[in-house]
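There are two complexes below, and they share chain A, which is joined by chain B in the first and by chain C in the second.
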Partner chain A sequence: MAVRRVGNTAAWAVAVLLLVVPIVVLGIQALATGWFFPQVTPDQVGVGTLRDVVADSATRSAMGEGIAVSALAALVSLALAVPAARALALGRVRHRRAIGLVLMVPIVMPPLAIAMGLNVALIRAGVAGTLAAVVLAHQVATLPYAILVLTALLMRYDVRHEQQAQSLGAGTARILTHVFLPLAAPALIVAGCITFIVSWSQYLLTLLPGAGDVITPPILVLAAASGGNPTATAAIALVTAIPPAFAVLLALRFMNAPPRWAGASG
Partner chain B sequence: MSVRIQAVDLVHRYASGGAPSLDGASIDATCGEMLTVVGPSGSGKSTLLAIIAGLEAPESGAVMFDGRDVTEAPPRDRAVGLVLQGASLFPHLSVAGNVAFGLAARGVAPAPRAQATTHWLSLVGLEGMGGRRARQLSGGQAQRVALARALAIEPDVLLLDEPLASLDDQVRRELQDVLRDLVARTGVTGIMVTHDLAEAMSMGSSTALLIDGSVIAQGPPEQIFRRPGTRRAAAFVGVSTFLTGRMREGCIETPAGPVRVAGGHGDDGLVTVAIRPEDVRLVHTDEARPGDNVIPGTARASVFRGTHWDCTVNTALGPVTARSRATPPRPGETSGVRMNTVDLFRIQDDLTYR
Partner chain C sequence: MRPPLAGALALAPALVILGLLVAVGIGYAVAQSLGMLPLAGDAAVGLDAYRALVTGEGGAGGVWGSAAFTLWVSAASTLVALALALATAGWLDRPAGRLRRGATGVMHINLAIPHVVWAIGVLLVLSQSGLVARVAAAIGVISEPAEFPLLVRDPLGIGIILHYATKEAPFLALVAYALIRARPRDLDSTARSLGATGMQRFRMLTLPTVLPGLGIASALVIAFVFGAYEAPVVLGMDSPRMLSVVGLDMFSASDLTLRPQAMALGVLMAAVVMTALLAALAIARRWR
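Our next item is the complex of A and B:
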């Protein structure tokens, strides 16, 4: 018992160290001015830099573009992931495990290699430097996650509801809009949120296809970091962490909800 | 409108090259009758219904509605009402929304749709409950809604896949009455699959036995129950005593001596006869007279079933089960079993190789 308690405490300590401490340090750094090593506390603390960052049109523009790119990337990924996840979770698919592994390949490939290859294709297609090009490029990173999460969540989806609808006379479109989408909405929201977060953090897959014309938060943060102002960098990082934080909260809200298709009495 | 439903030689596999879930299954449900299909778990009952509903495609064979081949027709073109175990109500819709779903899908205008929904809800005894959600209903109420939803589209055939399996006994009996009443009122052809023999016997005007993907018998429930034609069918409907021997002069030769069989005459070679446990009588062996068909034995075990005892007696024929209302002999006591000649019936032995 005692060993287990010590183990649990140690696990919590590591989790706090890795997850909470960096955010706390980031928060302090965003408020501090003149805080250099080996000083334990900053010279001055204030919200001035944070206010400037929020008011800055570059931040607002990057946030807007980031939200547009990530929301569109999530929607496109979901649209593409639904048939694949349904087949993997519910269909009689041969070599399911092998197909699952192939779908995961983009996640394990070096992002630079993928981004370079994709960029060449986008330039040739004449769409480099557009929002659409960035959304398309993000699919390399977001689609595998969307399929992975949706497959896991749809594993317990009860296809008998669709069979009922079919025998009652519903066509494919009606089954999609009146049965699948309402029943799978929580799963789609969770997968959409995770896909949004994955898209939000893409740097190389935004920089190269965006050709400098599409500026999203990661590009802004890295540009600030190279400018040598840690307070401004921390402030930008903190502000741009708000949309994905909301996505996490939304995903958690629906992840803990019981699946809607489990609601039928019987 | 009701139609005759035939499934002819259906073969189906879930995995190509795998074992067939249906292996030449055929059934015939006449207009307006309730056909019950009974079989153990995994015998292919649900697959058979799914094929008739158009939700699964057979590898070979045909589904006919009034002689019209609908094997390739999509589910929406078949006019099939489907009720599954556990209701499968749409949990995001109200009770009325569930009942109206099929009508809306078929383009019925809102006013007649609402009228039909109210009508069907009242027929299943759920007036005024249209606003409730599926999760607010009991299991029995949910199945009533599922029935109303399936019948609201006025189907040619009502397919019921173990619709009462998850309900407690009292609710189950109530719903059996509701179902019988609705089928009689609407005149719809019904096909109900169940693993419960008693339910199959009580609900169907015809019963089919589906075992290992094949229909081994179909006929009136009493005939299937009292005089099954084959050893497999007999074993499924609860017959456990089989006598195989050479027939000579109206008697079958057994290790326990000759046993007289009604209608047996001449020399018919090797035959198999069977007897239901409720037709086997427990008797004192000293009361037996020659030609009485009394086989002496020793009581082995008895199980009380609420309304009767099932007593197994070890005899020279092997273990023989007798069903008795009286308290049976204790294990180890001497007891005889009497098999009246008229209760022994011939069967085709489809299990024993000769």
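Our next item is the complex of A and C:
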């Protein structure tokens, strides 16, 4: 028993190391001024490069555009996913299997296959290179996830709250704003965070619809990676990881909290 | 009383937008791959781009090598990720402790890290002058970077495979965890009190719970890696390259005659993924 427990703990230490070490090394590299083979730890550390990267106008503009694109992409996805998820979770929709398959198609499709054609179409429409074009293109990746996550979360939603409001004379708009939104707020926040994260990491669906004019942090990281400055590259990569890290912590907070509709029915 | 905004029509806006985006994206790719809508000169409609692509004439070259490399990397990454996820599933299938809550939290954070960022981290750990090589040098196993085995930018794609294995294993493990949590709770302790060993509980409780869902999730992972771009750019070498890297190179080449071939490659990749998806669903249905 004791041996097995040690074995388990060791297995977990390895697993967690696998998940943590690359990010820790990235953090050290971002702070290292001169860290060469065979030094296991850097001679000198300092926030100089990190400060330069954060102060750089290219980084600031990319962070701004990235946050704008992903926040808007999440809002658009949520707006479209709420009716869809309500229908799938609360309504009596036929052909569920077929609808599930249709939602899988954009998820499994190689982004390149869609992004190249969208680039041509958006250029012809004269809107390539705008934030709106990128937000629209990101729906390929974000909307299916928003619908799937929200549907799963709404499966436990107790629709009797809405029926009660209805029997008291509330109309559709009032039910949605006064019953659904407050009760489903945690689910909407979780789905919104996950959608933001999916949008934030998009590369090809940003690069091609953005036609080189919309530069988000992942595009900066890949550009920096082909340069020769590991400290600057690590600093940009580290900064790029911060917004989605916050989003996932927010999502976890609301995911672990008991849903507001639980235990309040009847 | 029916709940409002939950009829079948409520699905329409989302499905129409998704359908349009996919149809327009693939549609324009098909059109340009067939020589319609040329960037310069007259339209010459035909299958020339596909012919040039598969024969390797006219600049693409080595697309079969890239296809084989892409399939190898997708399959290997998915298998390693699945093995790692299954190795943790047995542990997840036990009463919760603080350690596990911390571990699943770390997995969620790992999931949120963009692939480009993770790829840089993997490069810093595994390259010939990376952290592992430095530790090896410190304990005297190697004395210079060139003695360290080539784990990134290597011909077998080991760096890319390790990238996706470590990035997708937490995803698969969390899928397994969700399935375990959806199952009646006390099964594990009941089996334990009836004298089932750890291996028996894993085989007869954990595996049947997680395998169907993990099958679907693995299909998503393999399709995702098949179309991957960022990690192969950071962790791959110039030859062999993954298909998406080849495709974007042709798409953005100054030689505009390569554009139809890039589109043809995109169309073929989409066709491969769709065929595989439909085949997987047909097999899954037969099994049930």
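One rule holds for everything that comes next: the second predicted complex is superposed on the first by the 244 of 266 C-alpha atoms of A that agree within 3 Å, B and C clash if a C-alpha of one lies under 4 Å from a C-alpha of the other, contacts with A are read in each partner's own complex, and residues count from 1 in each chain.
As a working rule, a contact is a pair of C-beta atoms (placed from the backbone, for glycine too) under 8 Å apart; a residue touches a chain by one contact, two chains touch by 3 or more.
None of these values were measured; they are calculated from a predicted model.
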Looking at the overlay, what does A:55 touch: chain B (first), chain C (second), both, or neither?
neither
Is A:20 contacted by the first partner chain B, the second partner chain C, both or neither?
second
After superposition on the shared chain, which partner residues are touched by A:139: those of chain B (first), chain C (second), both, or neither?
second
Does chain C touch more residues of chain A than chain B does, or is it the other way round?
C
Touching partner for A:81 - first (chain B), second (chain C), both, neither:
second
Applying the document's definition of touch, where does A:167 land relative to chain B and chain C: first, second, both, or neither?
both
Output check: A:200 vs chain B and chain C. Expected answer is one of first, second, both, neither. What do you get?
second
Residues of chain A that lie at the interface with chain B and also at the interface with chain C
163, 166-167
Interface with chain A, chain B side, in the complex: residues 14-15, 50, 53-55, 74-76, 78, 80-82, 84-92, 101-102, 105-106, 133-139, 141-143, 149-150, 153, 159, 166
Residues of chain A touching chain B in their complex?
92, 158, 160-161, 163-171, 174, 178-179, 182-183, 260-266
Across the complex, what residues on chain C touch chain A?
1-11, 13-15, 17-19, 21-22, 24-30, 32, 37, 84, 87-88, 91, 99, 103, 105-125, 129-131, 133-135, 137-138, 144-145, 166, 170, 198, 219-220, 223-224, 226-227, 229-230, 233-234, 243-244, 247-248, 251, 262-263, 266-267, 269-270, 273-274, 277, 281
Which residues of chain A touch chain C once you look at their complex with the stated criterion?
4, 8, 11-12, 15-16, 18-23, 25-26, 29, 36-40, 80-84, 86-88, 90-91, 93-94, 99, 101-118, 120-121, 136-137, 139-140, 143-144, 147, 159, 162-163, 166-167, 172, 175-176, 197, 200-201, 203-204, 208, 217-218, 221-222, 225, 230, 233-234, 237-238, 240-241, 244-245, 247-249, 251-252
